[in-house]
Structure formats: C-alpha cells, structure tokens
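Pasting the structures here.
Across the two complexes that follow, chain A remains constant while its partner is chain B and subsequently chain C.
Right, the complex of A and B next:
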C-alpha cells in the first residue's frame, strides 16, 4: 500500500472528491445567502440535526449495502422513542427506559431480518409492512396519549457540549467510526458486501447469508432506536410524527454518499458526507423561505436526480 | 495497405483471390485502460466459409469479434463489408449490416419465455403496437422446428439448463438471418449432440446459403471439424491466416504460443487401494439423480462423463450441500454424514469449484484478494477482525501457487482474463484446505496454456492427499487425467470404466445409453 503514485483521473472521478466539492459549494452558497450561517454556532446546530439522520443512516447504509432498503425508518424511530419515554415515566428510571428501547430495537430487527432472510420477502415490502405494524403498535402502546419526556441524561446528550462540540455529535462520530471499522476491517463487513453483490456466490462460499442479513437488520434497528432516544433529548417530548421526515432522506443521504442502491458497493464515510449535504440543502431552502411542503418536493426530486446521476450500476446476477 | 493486399492474396483459399471479402477488418487497435487488447490487427472472412480465430486467452480474438458486432468500440482501424467501408459503433449498427453474434456469456432475459427472447425487439406486433403473443409462440415453434431444435417456446428461460439457454441464444442469432454469424465460445456449454446440430447448421449456412461464419473455440477437435481457414492472434497482434489443413497441429500451437509445444502427458493418479474419501450409497434426488452408488478413493481423480444435462452438475452440487439428496447415505472418511448446506459440506472437508464462474464462483466487481479469501475469512482474522498481514499472506500464496497473472490483488476480478479468473476460483476453493475437491467443468472457455496448468495442478493435488471428483464436458481431459470414469445417462451411472476401459469409444457408447452394461476393451 505504501507510496503509490497518485492517479489523478481516479481522484477526479472519485465519490470522495465529488462529495467534498458539493459540501464546500453548498456551504458557501448558504453563507452568501445568509452570512450568519458561517458562524461556528450555526455550523454546530446543523451538525446536531445531522447526527440524528446520521445515526439512522448507519442502519440504512448497512441495509442498502446488502441490496435492500429500509422503509420502516419512520416508525422504527418513533416507536422506540415512545417506548423509551413511556417506560421511563412508568418506572421512574431512565436506564430501564433505555434498556426497553434497545430491546425493542433488537426485536424490530429480528422481525424484519427473519422476514427478509428466511421468509424471502422482498426487503422493501417487508419493511413497508413493518412500518405499518409499528405505526399501529405505537398507537396501541400509547393508547393515543403520548406519555413521558426526556431525562436529564438524554437532554444533556442532545444539548450539552464538550469542548464546544455537542455530545450527540461526538456520539455520531464515534458510532460512525465503529461502522466504518465494521465494514472495512471485520469478517462481518466482508460478508455484508458479498451478500449485496451476489447472494448466490456468497452461499456457495459457505457463508450463512441468512445470519448476515438478520445481523444487519438488528444492528440497523438498534441504531434507529438510539436515534429515537436522542431525538427525544432534542425535542423534549415524543410525538407521533418525529420519525416521518427521515424515511426518504435516509435513503437519499446513503445514495448521495456513493453507496449503490443495488447493494454491494459503498460505505459509511460517504453516507456521512451525504447527510451533511442533505442538511446544507435544507438550510438553503429555509433561507429561501420555502415552506415545508416545498422542501419535501425538493427532497423527492433530489433522490430522483441522484439516482439518475449515479448509483444505477449493473448488478451481477444472471 | 500494400502489405495487406499481398497477405490477403496469400492467405485466401484457392479461387478466392479475386473475391471481395464478406467482412474485413484492417489496422484495428483497441486499448482497455493500460492493457492493449488489439494492436494493428486484421482478419478477412469470405462468403461461404467458416473462419476460425485462434489464440490464447487475451490474444485478442474476442475483442476482434466484439468490435465487429458493435459490443466494443475500436480505437482505430477500419471495417469493410463486401468492399465497402462501414462504420460500426453499436449493436444496432451491426444488426443493420446483418451481423449477429453468440457469446459464451449469455445475454438472455431470465424471466421471459424462449419465444420472447428469440424475438426480443423484433416481436410481431399488431396494428396498435401490442405484442401478439399467440403469433409469437406459433412463429417461434415454427422457427425452432425449421432449424431443428426441440425446445418449448413457452418455457421461461430461467427454467432451462445452461445448455438449452445456449441453444436459445444461437436460435436468437439465427432468427436475425445474418450474413455474418459470430460464434464466440458458443459451444462451451453444449453437449456433443448439440454441438453436432450446430455444426450441421453452420455447414448449411456457409455451403448452401453462402454466409460467412467467424468461429472461436478452445477445443481443437471442434476447429478441425468446421474450419475452412484460420487466423491466429498472439499478444494482441495478428500472426497469420492459413487455409485449414495446411499446418500441422504442432505448428499451430507454436504460432499460438510463440514457442515450441511441450508434449502433455501425465501419470494418471490411481488413488489409494484401501482408503475411501467419499462414498455414496443409493443416493437419489428428485427427477435428476437416481440411485447412485459411488466411491471416491483417496488421492484419485474420479472422472464424471456423459452428455451435458444428465445429472452430473446436480451430483456435484448436491455433494456440496447445494440441494440435498432426498434419499441415500453419504460417508466421508468412513463416517456417515449429512450435507444439508454448503457449510456442512465444508465442515466435512468437501469443496465445490462451480462450473459457472461468473455467476456462482466469483463476485466480479470485488477485488481479486477479496474473492480469494472469501471462503477462508476465519483464517485471515482474529475473532472477527481482519488481519491485513494474514490476508496478504494467504493472497500472496494463492497468487504464487496458481501463478495468477496480476498487477495488484486489489483490482476487480472481472478485469482478469477467463483463464486467470478460473485460477482465482480454484485458489478460493483451495484456501479452505478441504481435501475433497469437486471440480465441475473447470476448463470451460479457457486457453490451452491455463488448461495444461490446471491439469498439472490436479495431479499435484492428488500427491498432497487431495481427492478429486472431476466432471468435464471435454472428453480428452477425462482420458488424460482419470484412471476411473463414471458415465452418466439420465441421472444414473450408466457405466463405471476403469484402466484400459477408459476410452473415447466406451464413454460415447455409454453416454448415449446404448452401452447395455458390458464394456469393450
């Protein structure tokens, strides 16, 4: 690996450079439109928004790498957040609430993973159905009345800083590094890429693809539960729509970040760039005074444009 | 230009000096990144001839025909059709000039029927542009009958055997009624019966209808049967064109390899008389395998023969746990085992090298290194964390042992030539250290040099205590390597040939089901 001559063609074509150029460009545009946005405090508050999506996107990246997509983000986040808040209120102990939310994360992941891996249900259909189930589960569990609120620890995570950086952003970076390590340096990571490229070859190589898939869905759902808890810290209280906006932009961020929508290629570092780009675009839209509905239209358009531009490479199969 | 005219006269068959070639290429060059695939190369094919292109893998044959049929764009050079300069930049251009091609890699759409695939983009439509399905099936049925193929046009391509898919691919090309038909390793998936059908078809096209055929195959005996003239390529360059029969086989090999050929002969490993590595008792599976009894001796190469599609592939896959036997007993080293999935098979020291390296053997878009280590992740990691040092060691060993020609193991495996890809598949399987190796048609579509290397490797492996089950569609390989051959017919072992009984005649007799049990010496 040492002292390789730099291949400039490859650098220009690389996803990394494209992402950096987009980030710097969008940042400068937002700064020109609204000079206040160049303030460090604003940068930090943008990063705080990024960290929720970023942690959700750990799950989304892993699932898309296996060739799937998770369309149950909205209520995976909301349901686990509600479980955290309500259990904490009922038991008076934030740790029990946390444990309950984590357990819900694992169970959600097992449910989706078993459906996809063993029952061979297409990931999109399986997760969309799961979303619908979790939505009803949320209403049944709360009986239509949201209970509970953030705890001191969780609020501190979302609002307090260490050396000027919010704890939740630090947590995102730490989880991000762990994810990159998982993908690049572990046998499990290798298996994730292999399954995404060709489940058939993976099977014939003696790798248990089903276990890999279930593992991925469990990690993904636990990450969504973590994001749900952090969001409570950010918002103060749970609400029924807290997860909705993440459904599509989580996929957009992963694809912008250079992960193939067909699976098998990409990584989490790119996704982190994709997350930042999504929020830079959002902030420009806010400066331009475009209403919520308009922003949703733009979000949808971004996904389509990104998919047209790249990420539709050919998949190895028949 | 002058040089080419002279050469053309010299290389043409008698009586053809004055004829204009049906298709001609001149000064064709093509680079893929840093690799030169063709360097100022040329070829000519006249009406009424089967012109074979020969050379090792990577010599430039396939690139040449891919340029002619618009799959690959040339960097420079000219293409002429009946003396007229033509421009081919896409598959549509080629089709407009009545050029059709069949490749080893299948291009069929798996979820469409045979008929739809044949007519793809040329479907009969009604006034409103809707595809007329009744007509499509009737027309396909009539067409298949006309060309003499027994295929049901309504069947989904997914449900066909590899051999049948290849036939559909050929039918699809024939339907375009091409003036120039390109067959690039199109016989590699076919059984002997189908090959004969194709050769009859080719004879009709060239000798009766005056079409031109460009034919590429790694099987010398096939070339012998069909070639009128041949062009040799070596290292991306044109070497020579000659009427078939003017050169001896040894001379051809010399021109192909650029060096004198070494006689290939190997000691057939007989295996241990007492130790059995693998045994099957009364094993059956669905409709494809019936009541199989076989013993694999330790250290032998057990040949599996027969026409393609008679259960050989299913047997090897079942032995690797890819589709379990329904009934019967399996013994490994004398202990009864079950093989319900690939992991169980591996745990008993059985590994499969699948016949379809592109779909079953390799992940083409991932690196050579990742592919090699895919089956031995445990041995290159410490409790789940990859060790760069161990990984490099395993890859370096494999690259050296298999003499894989590669600049860097970080390149995608799809960038390698067919022969080197096959070496990666073998390296990947050997990395498991499993001692029972199931080799399913490992030399399909690879060059003579690599084939020989694989034969020597197999012989070497038996010395190291490996036992090999070897299925091949190429009889000469079985004759070369196997002391014992099982001939399959309709999912049964029609005959077990041993020692002197292993002859071409015996294998053919048994594989068409007329052996009747006794074997001639």
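Right, the complex of A and C next:
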C-alpha cells in the first residue's frame, strides 16, 4: 500500500502528467474560444503543423540530450528544401531531388558533428557558424532566385490522408516511434544519454564519444532535411524564410517536453507533447486574433513561464 | 626577467595576440584598397563600420565571462533602435523643440530601456534559475515582438544632425565613433573590470560553486553583468539609429552571431572565466572589416556570412590544433625520456 501511494506522488510530479494536463487544458481553452476547433478536421490540421516541427525536433532532442543545442535549424531546413526543389526542377526527377537533399543532410551533419566532436568547438557556436555558412550556401546555390516547386509525391505526403490521417502525420509518428526505440532500446541510444551526462566518464568507459556525437548530428541534420522537403509539400514552393520560425520553438518544444538543456535527461515522447503544446498555444493566439508582434511576445513569455514552472535549476548551496 | 614576463604575457593572451595580428593584416589590406585610408576620412569610415559590433561585443563578453550566452542581444539592439527612432521627435517636441535636449532625453530613455531589458534577463537567470541560453532565446522573441509593436513598419524620424554627430568627427579630426569606443573602454570596461563585481565575473565563470563558497555575491554580480549587457545593446541601438536614421523591426541582423564570434575570436572561452574586452574589440573589428574587404574586392554579398562563419570555426579550431601539437610533442618527449632511461 505504501509503495502504491509513493508511486502516485511520482506520477503527479512527473513531466508526462504535466504535459498531458497542459495539452488537455490548452485544447479545452481553444475549444471554448472557438468551438470549431473541437472538430476532428481541425485536430488533424493542427497535427499537420506539428509534424514539421516534430520531425525537426527529433534532431533537436538528440542534440540537446548530448548536452548541445542546434542553432542552425533555420538554414538546415531552408537549404535542404531549396536543394530538393531546385535539383528536382533541373533533373526533372523528384527522387534525384530527394537523394540530393538527403546527401545535403548527411553532409551538414558530418560538418557540424566533426566540428563538435573532433575540433571540440562548443555545439552552440559550431551550429551558429554553420547557420551562417548554410545561409550563404542557400543564396549562392539559388543565386538569389528560388527555383522549383513541390512534386506530386511530396504534395501527396503533405496533403493526402490515409484513413483520415495525413501521411505526413503518420510519417511523424513512425519516425517518433523509431526515435523512442533508438533512445530506449539500442546501445547507440544509451550512449547518447551517457555522453550527455558526462562525456569524460563516457570516454573513459571505452565508448567512442566522438563517433556517437557525429552520428547524432548526422541523424539530426537528415531529419531537418526531411522536414524541409515536407515543408515544400505543404507550402508548394521554397522560400528563404521557411525555416526561420523553427529555430526558437524547436528548442522550446524540447525543453517544455522535459528534456534538460544541460543534456543527459529526457526523451522524445516528451518532446512530442512539447510540440503539440506549442501549436495549441499558437492556435489560441490565432483565435484571439493577435498580430505578429503580440504573438512573438506571448510566445516568448509563455516559454519563460513554462520553464519557470518546472525547468528550474537547483538552488546554489554549500 | 623582462623576457620571461613577455613570454608569460604571450602565453596567457595567445588568442588575443593572434586576433590583433589578423586585425593588422586586415587593416593593411584595407589601406591597400581604400584610396583615402590615410586621410581623416579613413579612420572615420573604419570606426563607423566597426563601432556597433564593438559595443555589442562588450555586452556579449561580459555574459560569456559568467559562462552564459546572450542570444537576445541582436533583437534587443533592434528593439532599442526602433524605440529611439520612434520617440526622438515626440520627445523633442514635448521638451520644447530643441533637438539637442530631445536627443539627450531619447538616449537616456533608450539606455534605461536597455538596462531594464538586461536586468529582466538577469532576473530570469538568477531568480528563475534558468539556463541563460533558453532565457535569452525566449526574451529575444519578446524583444523582437516589442520592436514590431513599437514600429509596425520600418521608418521613424531622426534629425540629420543626430546622425552627423555620431558618425562625424570631433574638431574635424578625431572620429566620434573612436571616441565612443574609448569611452566604452575607459568608462565601462576598465572600471567594471577593476570593481568587485567585475572581478567576480571571472570567479563565477571559472567555478561558480567555488565562487559561492568563497562568499562572492553571485546573484548580485550576475544581475550587474546582465544589466551591463543590456546597457551595451542599448548604446548599440542608439548608434544604429544614428547610422540608419530609422528603425526597422524586420531588419536581418547578425549582431547575435557576430558578437559571440567577436568574443570568441578575441580569446574568450564559452565555458566562462576567460577573456577580455580588448580581445573582443579585435574580434569585432576583424568581423566587420572583412565585410568591407569583400565589398572592395567586388565579391558577392552572398559570401559575407560564409566568410564570417568560416573565420569563427577556424578561430575556434586554432585552440584544438595547438593543443593537438602540444600533446604530440609531449608524447614524443615522454617516449624520448623513457628511452633515455
């Protein structure tokens, strides 16, 4: 009996319950403000918006778990999307475009990963510098004129449904399950947590931390490339600012989902909750008809409030 | 003895010395390309190019020293810029129409806004006990929203005298921007560095727990650090207002990236506790002047971010390569020592 009551305490204190309560609460608020939002079709369109951020956040979660943070989300997404669209237009074959974008994803990941793992550059600075480089790369590659558009397959992925569920949402769920499996059930996943807890101890335990880090950055960048391609399907055409808004909210979603920004603790299931919460907040702001300026302010404020509620560090003590 | 001290100085400030060497090369290239480099216009144009980033880098250096990072500085600069461009004429009219009085009042208000914004960041880090990176990421979004709120469209009304004062020359010789940089060094950085709070920066960045156990007032020191960072962003916002004579909430700005890059190029460690504003100045000058060089050489502006990114990565890898060769040498020496035995 005593053990059971202890369990309840843990459940009440757990991030999972907080996330569920927040999600249900926000959903009800949006439903009260705008009854249409309670309809299944609207739930699906919210989930579609979630899936792009969700797939980006697979990468962001893995990187934050290793104790870093990716500040190159904006142009990792935009550059791979531009490569996909332009290569597809030039070769006339969507699969070649897809392969090119995946290749770009792998190369971006190798670049960031080698900088972090071998050159020992702080992840935030390495990714910040990479973002600058990718920004230039995007403009140089397109020469300032965006070319290409979505292909039939990619548009279908983003717009068509299977049993009432959009393909891209299914893809997100599939990738999400794969990520959770990777983190919980594979040695590679356990190594990611180990690196995040203490790179030094992990290294001394005979684990090649550098390979783990490069692997994480490659997976993350490939996920960002996938999200870029899906975004093309959603928007129809590439544009230079398509990735910008994801920079802040990708880190926010991961942290709201209970992953420690210091690394080593957390997981992807929480991040999925964080992603949904972010978009529920957005939809409430849209119902309230708040302009861009207000939305940015409220976004920042809400992230701070959520973090203050449960992302706080320990008090300094002797 | 003297030689020993020089060696020690070079060893302790290796990155900083390298940064100044690179800066010297950049300046030589500038002199070779700019026709009026050796006239009074040369220094004026150079200091006008570098001053905003130099000031932004001061704030970033202070935060980096505490082992934090300020990702909101770019948006805070834009916000203060928008505030300055918007309130200048209304304040002037309210105070009797003199643009000098109006200008002073505007600057005071904007600096106050900056300090409060910085203090807000500081409170979130100190009392909220949140990580600086997530705090400043979130407040950056807030500042950006506030900038859009103050100035929904680019524009504003700034008298040309204000612009001329901040970008011109004193007694027709000495560039105003250079004077501002000197003021930043001698009125902000040096007094702060010599003060108890400034000394505490290095202790906190070095080892926060040890600093706490030694009775250093960590909370107060951090609050002061973040307020100074806010102040610097506001000064930068004022200078930007003088340079552009308008406020643009949607302006793409590289201040966040480049201020971090400047601090790191100048030898600051993101782990905290290591670095100095003198290094950051060299870093900031290199990063801003490189852009000028690209323009001189007729290279497409698309390359600008690429070059800045690569410089940053190279600067950070220097530490890795020196360490790598040092270890190799030591290992070779150890092997040689064993064989001798």
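The criterion applied here is as follows: the second predicted complex is superposed on the first by the 301 of 318 C-alpha atoms of A that agree within 3 Å, B and C clash if a C-alpha of one lies under 4 Å from a C-alpha of the other, contacts with A are read in each partner's own complex, and residues count from 1 in each chain.
Assume contacts are C-beta pairs under 8 Å (C-beta built on N, C-alpha and C of every residue); 3 or more make two chains touch, one makes a residue touch a chain.
Since the model is a prediction, treat every value here as computed from it, not as a measurement.
With chain A as the common reference for superposition, the partners chain B and chain C occupy clashing space.
Once the two complexes are overlaid on the shared chain, A:301 sits against chain C while remaining clear of chain B. By the touch criterion defined above, A:198 reaches chain B but does not reach chain C.
Chain A is touched at more residues by one of its partners, and among chain B and chain C that partner is C.
By the touch criterion stated above, A:190 is placed in contact with chain B alone, chain C being left untouched. Taken together, the two complexes place residues 316, 318 of chain A in contact with chain B and also with chain C. Of all residues in chain A, only 185-188, 190-191, 193-194, 197-198, 200-208, 264-265, 316-318 touch chain B in the complex they form.
Residues 69, 71, 115, 118-122, 124-126, 128-133, 135-137, 139-140, 144, 248, 251-252, 255, 261-262, 291-301, 303-304, 307-308, 311-316, 318 of chain A are the ones that touch chain C when the two sit in their complex. Note for the complex: chain C touches chain A at residues 69, 71, 124, 128-131, 133-135, 137-142, 144-149, 152, 208-209, 212-213, 218, 249, 254, 257, 260-261, 264, 270-271, 300, 302-310, 312-313, 316-317, 319-320.
On chain B, the positions that touch chain A within their shared complex are 106, 110, 158, 320, 322, 342-343, 345-346, 352, 354, 358-366, 370, 373-375, 377-378, 381, 384-386, 428, 432.
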